[in-house]
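One chain, chain A, links the two complexes that follow: it is found with chain B in the first and with chain C in the second.
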Partner chain A sequence: MASLENRFVRNSDIAWRIIDGEALVVSPKDSLIYPLNGIATRIWELLDGKRSVSDISSIICDEFEGDTAVIQKDVVDFIQDLLKAGLINGM
Partner chain B sequence: MECSQVPISPEKRVRKIYTKAEERRIPINIHLELTYRCNLKCVHCYCVEHKRREELTYKEVVNLLDQLADIGGIFLTLTGGEVFLRKDFFDIAFYAKRKNFATRVFTNGTLIDEYAAERLAELRPLSIEFSLYATTAEIHDGITGVAGSFAKLRRTVDLLRERNITIFLKTMVMKQNLNECEGLFKLSKQLGAHSGFSFDVTPRNDGSIEPLEYRLNDEELFEFMLGDVPQKWEYVEIPPHAEAVKREACSPARNGCAISPYGDVYPCAQLLIPIGNVREKPFAEIWNSDSEILSDIRSIKTFGDLPECSDCPDLWLCQRCHGLAHLETGDIRSKYKLGCDTTKIVKRVNELVKNRLKGGADGEEGKEALREANA
Partner chain C sequence: MLSKVKFKIADITFQFSSSYPKPILWIKDRYKTYIAEDTPDLDILLEFKKGYRKEGNLNGPAEVISENGKFFFKTEFFNARGNYSNGKVKVLSRYDVGVADLTRTLFSIIIVKRGGLLLHASAIADKTRSYVFCGPSESGKTTIARLLYKKDVLTDETTAIVNNHDRYYAYSTPFFGELGKVSKNIGAPIKAIFFIHKAKDFSHKRIDKAEAARYFLYNAILRGRNLDLAENILNNVAKLVDSVDCYDLYFKQDEDLWRYVNGIS
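Take a look at the complex of A and B:
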């Protein structure tokens, strides 16, 4: 489960590249391709194992417009999705 | 904010990224040939080793990978020749992994032992893809020219299966192995591997045509295309010509390219017109140049851009390759015999299937359709 104090890092088996502001994330395990939009790409970049989910939420709140509580929930949900898909690992 | 929708392979968005890559000229697909050396002597092989030229060194390759990553490359095919003849293969492959490439490896599978299989499992590539020509050693080894190559490949496939690595078994269908297709298809399924079949034996990279003697003749190709492997041909409805001519043609040098072991950059692996060499110029400078040849290649977008093909009534069924056109005629926009001959066969198959749909496969209606197609 992803919660605000947890830290996560991108799975080193996962291939990815940011193309014109949007990340293309490729999982070799199941050959699935995940195209991320701009905000999701920014979160993906921030998942370096050093920042907590809360830190990432704060950065996203600073950089994008929206209600803080909604953004925080969306960030947690998104990270939870990444975790479920095996694209990131908990620290 | 919409970041919570993590869609799994939504085709439209992936297509959008490919289109964007094409529009912005981002080479997301890279075909990197690490060597033309090989320990097999496949009768139909198109690779010609340039013994006087030096392969890119490890240092040069990793420098190139840095440049490719910076410019947006992500799908990387490491191929040869036989890549495992390079002693630094794993150093290169793991460097590519650290640079976040999605890597596929093409190999003949004869040089992979337990240790190499273990390292491949650590590498976790998208796939390892082998050439398998038959279900028996006699035919496979006859094509590779090396006794024992079948047994070694089969052992390698088992080693990789045990490690849950995605495997593709790919077959060039030729005269010698036309009857093997069904068996190979079943074998792939049994081994949990993906299978792939191609009949496009091409001239060698130096233009010599010896491999073409192994190519299926018209009747053999017809038989192959009508078969169940890889799948039954499904009737293709041909749109009015005004629509058909807008059909997209192959698009080399728009979202990908090929790079030879000597650093030559090509628009694709089949279109062997060098557009620069990474030993002489940075990759980005080559890729972003407005050279006449590169502009010409990139200007081919639809069949309407091919003067000799745009009036062809069968262009909707055509599988043309600008590289083969260039190899055969010296002109990337030209029609070429290999392509036109194949399209005639595809048309015959399509007509026959159409007739079968009408229930007339064995009757006069079917024969008449075939006569028309042949005419």
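Take a look at the complex of A and C:
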């Protein structure tokens, strides 16, 4: 479960690459491909195990125009989805 | 006494050796257009061992490991171990079938390690250029190959994309579809790659690199992906979209197709 104080890191068994500002994330073990849009790509980049969900949310709020509460909820939901898909691990 | 045969697909030369002549004779017949005498890049020793044959699930997921310069894969039919640097591959087959599947699996791994891709795509060559038409089953790859029969059809199903000094070439492969075998083993520099969609009329749009990369990943052929190969594919796709113009092509079944395609690129 992702909450604001948690930290997550990208799973080392996942291949990814940013092409033209958008990340393509490949889970080799189940042959699934996850294309991420620009904001999702930025969140993905920030999931380095050092920053908390709250830190990431603040960075996204600084970098993108939008309602802070909405952005925070979206960041938490997205990280939760990544966790569910096995693309990231909790620290 | 070993029977041997050499053949070349997209500049990669395979040598199969086996004490059992049947698969060698099969290759000589089926891959006639691809028979070569070059020094092999892959030297494959094929051994057979009778085993219990479980019915069904013959195309189950392959287990593939690729790391530290070596690869291993295991399917319903084969156990294969290979070394990327010296090209030596040992294959133990349980059944008297599946050489095509083995060749395709080996080729799909090696081409990725060499900077290329094996794609679900038909392709044609016109003088010194090639055009690739990429899409999943039922998208119209064979239809396009049939419509463009006056050109050199490289393949109606599976195109090898090769990076040669940062220039991309499309090559024919023996992994054909409904159209059957092609008569020429050739390749040519790629002028454009089209992601195809059946439609009532002709139209097209240039697509951005991120979208093209997604299409390539969805249409790349590689059984049993592992991390090393997935990273290689991503790198290869990133370079490919930087170098080649990619389009969405909506097409109708009409002989004007060539005129339309030629006009785009």
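Some points to look at:
Going forward, the second predicted complex is superposed on the first by the 91 of 91 C-alpha atoms of A that agree within 3 Å, B and C clash if a C-alpha of one lies under 4 Å from a C-alpha of the other, contacts with A are read in each partner's own complex, and residues count from 1 in each chain.
Everything that follows uses one rule, which is that a residue touches a chain if its C-beta (ideal position, glycine included) is under 8 Å from a C-beta of that chain, and two chains touch if they have at least 3 such contacts.
Every value quoted in this text rests on a predicted model; they were computed, and no experiment measured them.
In the three-chain model built by superposing on chain A, chain B clashes with chain C. Look at A:15: by the touch rule set out above, it reaches both chain B and chain C.
In the superposition on chain A, A:78 makes contact with chain B only, not with chain C.
With both structures placed on the common chain, the touch criterion links A:34 to chain B but leaves chain C unconnected.
By the document's definition of touching, of the two partners only chain B reaches A:43; chain C does not. Once the two complexes are laid over each other on the shared chain, residue contacts for A:55 go to neither chain B nor chain C.
Contact with chain B, but none with chain C, is seen for A:64 once the two complexes are overlaid on the shared chain.
Looking at the superposition, the partner that touches the larger set of chain A residues, chain B or chain C, turns out to be B.
Judged by the touch definition given at the top, the superposed model places A:26 against both chain B and chain C. The residues of chain A shared by its contacts with chain B and with chain C are 13-17, 19-20, 22, 24, 26, 28, 31, 33, 35.
The touching residues of chain A, counted against chain C in their complex, run 13-17, 19-22, 24, 26, 28, 31, 33, 35. Residues 12-17, 19-20, 22, 24, 26, 28-29, 31-37, 39-40, 43, 60, 64, 66, 70-71, 74-75, 77-78, 81-82, 85 of chain A are the ones that touch chain B when the two sit in their complex.
The residues of chain B lying in touch with chain A in their complex are 1-4, 6-10, 13-14, 16-17, 20-21, 24, 26, 28, 69, 72-75, 97, 100-103, 124-127, 166. On the side of chain C, the complex with chain A involves touching residues 208-210, 213-214, 217-218, 225-227, 229-231, 233-235, 237-238, 241.
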